[in-house]
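In the two complexes that follow, subunit A is the common piece, with subunit B as its partner first and subunit C second.
Then we have the complex of A and B:
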């Protein structure tokens, strides 16, 4: 706009020198340009500039004052740490797009967005996307909106299908990339959020996170739009998605029979918004270490019922990477318990002002609250006669029986030729 | 398997079952799985030809065997309707089934996901999951695609959504 104004001034200068007979038409032309410019000035929105440090100063122009107040209120110890975190969101639909907006407004460091779909008018019953974005890829449309809302967030978008071999490789390498914070341990992201609408994509996220030992959260809304859930998955420690698909537990129906968006599942902006809210709340608690992070939280909209539960990994899980992570978790158990004990001792030392109660009339004592030992009992201790535990305890790692040697006798090329021969037109 | 007709059931029992549980990222395991896939497909195709019930052609479109293309056809009122057939082997295969696509029918029926992926959710996926890793591509065609064609093509033809290629040619001639 500055350039145009300068040009306008030049034109005015030349107008001074021009002969009087041409004056009128030139003035009209100039008038039109000024009108056009003033319209432009009215329509072009003010863009927020980047903010270097998060300030707690309470002024209207500080986008983070209300978030930094969490520290003053004693909820979050160090809110500014949020700028160090990278969160990957897989599926930018009714839940994922809203989760992305929430994290963007919270000032998260980096967001990685994955989707292969485009925005359609049929998406308009949900939040975030606008009708003028119809036809754009969901990732591009999301980046457009999110970078306007908060330019401080580093946005990476990937328009791909993670269930294909090629898409999955790109997905894995983008999660491993540590350019944003090279000193971070493990993968390049702090958390993966699965906001997809189908079983295949969830299984692909599960596979990637099990292989990378990456903590992730799964979310879902039922096809009738009146219930949903979020679930925290820590490879080796909690059930993975292949150990126990969550909906089988939640409602007794098989996850695989779920229909997808394309085949007209119902959806509501409310349920999707609630689930996105629960998901990002759990994400903030996990990243900024406050409150209690839910392992599983269900939402039944019809009864306003919010069930919670925990699920242990399945030692016979069909996912090999999950079984590997379980093995590592069990092997690390003594070290983990020692660390927990040391922490307890350190905590106890903080209260060294003598015993809390001088007398202990009923001999009440605090007992060790480590991992439950109930499963350590060999076979049937404590069980009625004739009843035995069917599954072995998973406290000690037992290597699975060696698989039979694979037979590689046949030639792949030969088989391919045989099929081609059958495929050839006859006659 | 309740609810399936006896012909499909007896055909199914004659397709060799697979044993290797390996996906496209499993190296040697996948080569072995691919061999089993070929054997099952060869057996199924020859059986169809022997019974004069040939209804598809499929072959790997890349050396890794992760993308497959071909044709399938369905005879309705003595007319043959033929469609392009394609699918990718998903990265989590065989835990998840291939998503069979008929791109020419995309947008013509609501029994389909975006991109022409036929809806297998109710009639096939639970069956696939219960039989993992014993089912392969041949089983997916036999129990997934074949019943879909049998259910959808007559409706699509009768409602005028698809026309026989001869009708299309003659109407454009006149």
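Then we have the complex of A and C:
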């Protein structure tokens, strides 16, 4: 096209020297050339049009047939519900960009993307960004690619750093905005995915989600590129990111002093692709309610080992909003148990048409072995300065709950006294 | 651009009615507009240039800095060796295309791509292909995308069906071609990745690799989209694909009768992304010699469960080339053991500066518990017609090896007699 436009320029110049009687025919020839250029411009990639309803019809032109087949296979009860959900992705790097593409291809309702960085050639060893996008912001480049892939997804991008005061405020207000689904309870999003590469940004996501009582998932890949993890965080119910600080931070070393000029972390498209896949799989299981949602899943690439674990919240957590959510979670316990019991009874009735074991000859009753009734207090005594136990000790004997309903307010008073005692200078 | 060209057309037409004294200035205005269009056309994607040597320099413009960092981190001894390797990928679908992109971004030397299918909108629920590529062959679309991402990778594409006679011949000759690295031993490729979605194509890859004594990796995703696996196959050493036929085939049911009109398999970008990631991670570990290469790794997405196992070859395998490779593997055993022992001694000398335990007061010697010395014979007696045991039984007592070197030829004679006995009509 460039060459043809250059020729057109020359011919326009020679038009000036055209004899008046030939002017009209010369202009007509130029017009034909411009028409040809128009056709060339038109043949540039056409975007796929929006699809109003997700259909399960098995035809080549249906972008959702293989997803709707999840219903026929009995995996997902109602796949189309995915269009109701809003997912926020913080950090559009090696994990976040792939997670965004997966959710876009799955036809999620709305994606909120946050990043302040630009695309560089040094990012080309991971999936998603292309060399011609170098110099664009990651958010702009992502919106360009994702809207071409699936125009049905509502994309919102925020080119900002959530660890700045202004950035954090915009982050918070975007999460609260409920215009996409005004009837939704809680915040305006269904899940926040943290795909950032540093402690400060994780703490900012943690702060926002604790304040908003927003469930989120954490992800990370090691600096040597051969391990990673995903983690589900439900404020008050599971450990928050501040409940279990990494040792490097707990011991007071500034993370930035670990990075040196001329040194970068290693990364691989494989490890990041696997972590993004596990993260979005967990997201789909959480949103569409199928399978088991993992609380923590690690990936050790050298040994193909995938550790799992659960982390309870730390009552000593330094994050005040986390402690508030923990209190609310404990207060809501009777209601939660009653609801779970009602659901069990309803299911039993559904299957048997009557109450299960109505006679109960042996007086068997369900004993709760779920939540601990009190709060644990890990002690920092005897550890080096700045280091605390990662989790409340499991070895401490817990007295059985009192026969009467425990008065939570007293417990918390007691807790405050113990905390004060711990904070007092050691003898 | 289309709109501007349309305007240009109108203005050319009005040029005909321009008063002669204003003609030149009107033409100059048109020329400026064409120049603007030229600039627009120029700003269309520029491709990144080739990079002669992989550098570890930490600058934004280096596409390999994060990969070369694997050396500094002590993960990979010599990352740049990746440029010597040729990998063949059969099937450029949901797993194969992502595997190809990962290897391209890792800077692999040469990729051979095989597929006969075209891109459809129905493929858009998986990573890699874009809606504007609909109608292109998957091989052409892949070459377009991959050469833009990394022009350093040598791409060869074969638009063919390897299960046809002609297709299989071309497949075989392309694997044998050693022009990329003439000094390489064996075939012209270092690894074949099978990313196909049907039994027939897997059997064709199996046949080719057994004939060429070519190590390969299998991958697969279940029809309900929530599980998958990868598997390493070394002819003669591990089970080949025909050693352990899936039950549906063993029992004589034609796989195609299981597929019906208007019904398609479910698929998810997450499961396929994870399987592709695990497959290419295993490929990198195998080629660049780091970590543990997995023989078999499963992925159960509903429970985040990752089973592993090893499969020994089946001496009864229906594939003649597999049985040949098994014989060669057994014949080469003394040489292999001697080499392993020599390596151990060399390593011990390297670390201690002298032979390890030169005195050996208690006469401790290394006892080999590696390969079985004989061959197992699973029995099909008592099973439904057409069904055989998946693996040789591990329960059968194996006599210890004779003190003298076993004469393999006798063993094989013995094996043939036993096979004949098994093949005889059952009483």
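What we mean here is this: the second predicted complex is superposed on the first by the 292 of 427 C-alpha atoms of A that agree within 3 Å, B and C clash if a C-alpha of one lies under 4 Å from a C-alpha of the other, contacts with A are read in each partner's own complex, and residues count from 1 in each chain.
Simple rule for what comes next: a residue touches a chain if its C-beta (ideal position, glycine included) is under 8 Å from a C-beta of that chain, and two chains touch if they have at least 3 such contacts.
Not measured: the values here are computed from a predicted model.
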Inquiry  = By the touch definition at the top of the document, which applies to A:164: first (subunit B), second (subunit C), both, or neither?
reply    = first
In the overlaid three-chain picture, which partner chain does A:204 touch, first (subunit B) or second (subunit C), both, or neither? first
*Kindly classify A:117 by the partners it touches after superposition: subunit B alone (first), subunit C alone (second), both, or neither?*
first
Quiz prompt | subunit B versus subunit C as contact partner of A:273, first or second or both or neither | solution = second
Is A:105 in contact with subunit B, with subunit C, with both, or with neither (first, second, both, neither)? second
- prompt: Now for A:318: first (subunit B), second (subunit C), both, or neither, which partner does it touch?
  reply: first
| First (subunit B), second (subunit C), both or neither: which does A:24 touch? | second
Subunit A contact check, subunit B vs subunit C, more residues touched by chain C
The intersection of the subunit A residues contacting subunit B with those contacting subunit C is 262-264
Within their complex, subunit A touches subunit B through residues 117, 162-165, 167-168, 199-200, 203-204, 206-207, 242, 254, 256-260, 262-264, 318-319, 406-408, 410, 412, 415-416, 418-420, 422-423
So, in the complex, the side of subunit B touching subunit A is made of residues 20-21, 24-25, 28-29, 31-32, 34-35, 38-39, 41-42, 45-46, 49, 57-60, 64, 66, 70, 88-92, 95-96, 99, 110-114, 117, 119, 121-122, 125-126, 128-129, 132
Listed in rising order, subunit C residues that touch subunit A in their complex are 1-2, 5-6, 8-9, 12-13, 15-16, 20, 23-24, 27, 30-31, 34-35, 37-38, 41-42, 45-48, 58-67, 69-70, 72-75, 98, 101-102, 105-107, 120-122, 124-127, 130-132, 134, 148-150, 223-226, 262-271, 273-274, 276-278, 280-282, 284-285, 290-292, 294, 297, 301-304, 306, 308
